[in-house]
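In the two complexes that follow, subunit A is the common piece, with subunit B as its partner first and subunit C second.
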Partner chain A sequence: MAFYNKIIKKSIWVFHVSASPCNNCDIEILDLITPGYDIERFGIKLVGSVRHADVLLVTGVVSYKVAPRIKQLYEQAAKPIFVIGIGTCTAGGATFKTSYNAAGMPLEKIIPVNAYVTGCPPKPEAMIDGVLKLLGTLK
Partner chain B sequence: MLKYLFYLLVFPGFLFASVFGLIVGWIERKVSARVQFRVGPPFFQNFYDVFKLWGKEIILIKNTPYFIFVIAPIIAFASVIMTSTIVGMSFFYHVGIGGDLIFIIYLMVIYSVCLILGASSTGNVYSSIGAGREMKMLISDELAFVLVILVPIIQAGYKIDLTQILAYQNANGMIIGSASGIIAFIVGILCLQAKMGLVPFDIAEAETEIVEGPLMEYSGPLLAFWKLAHYMMYVFLPMLLVILFWGGMSFASFGSIMAGIGKYLLIVVVMILIRNTNPRVRIDTAINFFWKWASPLALIAVILAIIGV
Partner chain C sequence: MSKCRIPLGPFHPLLEEAEFFDIKVEGEKVVDIEMETGWMHRGHEKISETRSYTQSIFLVERICGICSTSHPFAAAHAMEDIDNVEIPERAKYIRIFIGEMERIHSHLLWLGLAGHFIGYDTLWMWTWKYREPVLQIFEKVSGNRNHYAMFRVGGVSRDFDNALIPEIHPVLDMLEKKMLMLAGAVKDDPVLRSRLKGVGVLTKDDAINYCANGPTARASGVDIDVRRDDGLEYDLVNFDVIVLPNGDVYDKMVVRVLEIIESVKIIRQCLDAFPKVGGEYLNKVKHISPGEGIGRYEAPRGEVFHYIRSDGSNRPLRHKVRAPSFSNIPTYKASCVGIPLADALITLAAVDPCYCCTERSIRVVDKNNKKLEHNILTMSREKTANLKKVVAGSEKTPIDRIFED
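And now, the complex of A and B:
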């Protein structure tokens, strides 16, 4: 298992889950694959299907409408799967913390979460740092 | 018997084609990255990807014929191994089996048919769109591909063995030197682009549009089979063109070995550059292109070859 973890660190396929976000973090996530940041250097690739994913990047405050879908998406992903909450919304709600409609605040109420990258929105450097730090905890 | 098992499993077959295919896949990703002013992935990236996929979970879908779902990538992978063995045998050892060109055409259709079957067994909307598009690509590029293959067959005196075509070229000069040869070679590169699903014709797997279409529901080792089969096609399809038109590779001297590798890499880099400098075409544009332009051009090449130009 240790050897497998060593390999999986070098090949991370990321699936982008937008759970009722304000679209700000999503734009920053798409920034990651532009030539300026080029996360393909670390073997990180954005994939379109959740079946191929190793990491789910969840953005936004999970509302009551979206919560069952997030849970379903997590169950559809091939294990082992890691979840990273992007933005302050997933951790503490940010602007929407007093909302009547926030079901997953923090996101752990819905699905298990491995790491949070806070910020509104977090910079692409912070996201790369967060992903690599999460991978550093794998033994 | 043991010799052929070695061919199938080790040298031109499974082991060589998968390792070399993953390396060529790295070349593809690196060149694409450099074209887009990026740094690109490290050398062993494709090895990491495939190894990681072997450790992931396979997800089968309830209430679908998942026997087909599981068996399709395995059959496709087996057919790709057999094709690379046959092409590699004539490329490296100059030995062939009788009528291997016909065998190659059939095996390559099996790959596409397996992709269609595997995708349509899932019931996913995107997968079925991808399966339909793959079917349309198959009927559009198959005619041009067969016509392209006919040109060396006719020039070599109606021989359907790769070794006999190679022997003809050693005696009478390369087929690419003739008028019919150069036309068929150019159409052949476009056909390879469509067969491999590279960008101007990656309509079936359009990642930004129908998110890898046919492969959408595949996960874990089954996806690894598809990825490996795709990278192995990078090994034998350019090799097939080198054998058919460009005189293959001879082991007479160091220079001729380098020349053979150079021909192969040149075709691969041309394919990668076409992939990076063109947008994806629509399915009707692709069918129009192959039926109105590529196939008639290949037919002209066949007629020229019959005349003897």
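And now, the complex of A and C:
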């Protein structure tokens, strides 16, 4: 495990799951890989398949229709995998707290979560900080 | 040749949202397409009934993060429509400014993603680089990069700082120059031209039959634009409505590029007006009387429609939302059928679909996961009929009755 942790810090592959968000955290995540922030300089890369991912970025308040799929995605991912909830929605439901269709508030009800980055939407700097802080805790 | 089904989604790298396409192909050719939505449903209309009018506006802002001005814009119009509230002139200019800045950022976002889908990642990186200064202006004006929280019933919630005007002009100059450059590059590039020209054609008749709106309809030669047709705030500024005849993906791209240039012109007019138009920016509305109101706004994707019924309390009795993608998404049936599968993806993306906006209803199933006979349309009609009885039957509102009990 220590060897794995040493390697993962150098190159983090990220898969983005949108679980009924408002698209805002999603476009801010995409913003990270464009020239304004360019996180590829830290070795962080967005990948197209969950099977390649080291980190799952989950956005949105998980609806009842999406919840089983999120579970399935988490089970498909190669372990160990780190889950980061992006946005206040994953952490506490934000304005959708009283919604009849919100299954996951917080996201821990559906899948294990390692960190939350709150904000509506969190700034890209905050997201980078969140990922790097999480990796800082690895031994 | 036998038909083959290609499932796409709900979690796939094409669009960042979750949606499911069931594409039927014969060899390379798409013969039918079905969509399944509902992954993004969060129940805005129901939550809105439990919030006050001011809170409702911040709630509908969270319908979609990309066009997060359009929904508050239309909702504020609907609430003002009930009492015919006049808003101050400065508030009108601030509303136009925010709305048009958002149109620029939304169209740039789409241009980048369109480039990404057809394998031009350079175009993606470029357009998103130009989009970044727009978001920074938003942060200076409203305090947040997205979700600006600028709208209130009767005006806007905070004033525009005139000291920012000299900072905004260079960004507009840069955007106009780069957009002209981009328009030239799109026009001259033979690969991009052959990839987009004549692909996914939506004819004018089809656009009218499917009730398409926004840039999707304008690229097919349908001359509609709520900003010009309804007037309201937009009577204060001059702009052209871009209409192109062909209806293919290429025209949809060019319409958006030219609309960015139009938006830059509108924003310049606003910036010229800000130092001259002073005074109040919020006409405080303390009470909304019983009645109905509708509000429309031309979002970057098309017409947003909000309906609000008030019973005189501080909360809406009914809040109905119809987003532009709701009528744009079914045009896939006309534009995707008969084209190669490789072209289908860019055609799917070309209407700039926003599923978060669209998903306002939910399918009701019984315990065996079968669709109930009692479908959602009947339920919706019954609810309206019941509400009519309540409102027409007595002077008392439902909330009064609760207190009586």
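Some observations on this one:
As a working rule, the second predicted complex is superposed on the first by the 139 of 139 C-alpha atoms of A that agree within 3 Å, B and C clash if a C-alpha of one lies under 4 Å from a C-alpha of the other, contacts with A are read in each partner's own complex, and residues count from 1 in each chain.
To be clear about the criterion, a contact is a pair of C-beta atoms (placed from the backbone, for glycine too) under 8 Å apart; a residue touches a chain by one contact, two chains touch by 3 or more.
A quick note: this is a predicted structure, and the numbers were derived from the prediction, not measured.
Looking at the shared chain after the overlay, A:4 reaches subunit B, while subunit C stays out of its contact range.
If you count the residues of subunit A touched by subunit B and by subunit C, you find the higher number for C.
Applying the stated contact rule after C-alpha superposition, one finds that A:43 touches subunit B and leaves subunit C untouched.
By the touch criterion defined above, A:22 lies against subunit C but remains apart from subunit B after alignment on the C-alpha atoms of chain A.
Of the two partner chains, subunit C is the only one touched by A:94; subunit B is not.
For the contact definition in use here, the residues of subunit A common to its subunit B contact set and its subunit C contact set are 35, 48-49. Contact residues on subunit A toward subunit B in their complex (touch as defined above): 4, 7-8, 10-11, 13, 35, 38, 40-41, 43, 47-49, 51-52, 54, 76, 78-80.
Taken together, the subunit A residues at the contact with subunit C in this complex read 16-31, 34-36, 48-50, 60-61, 63, 65-66, 69, 73, 94-96, 98-102, 120-121, 123.
The part of subunit B that touches subunit A in the complex is made up of residues 29, 33, 36-42, 44-45, 48-49, 51-52, 55-59, 207-208, 211-212, 215-220, 223. Only residues 10-11, 13, 16-18, 38-43, 46-47, 50, 58-59, 62-66, 68, 109, 112, 124-125, 128-129, 132, 135, 145-147, 354, 356, 362 of subunit C touch subunit A when the two sit together in their complex.
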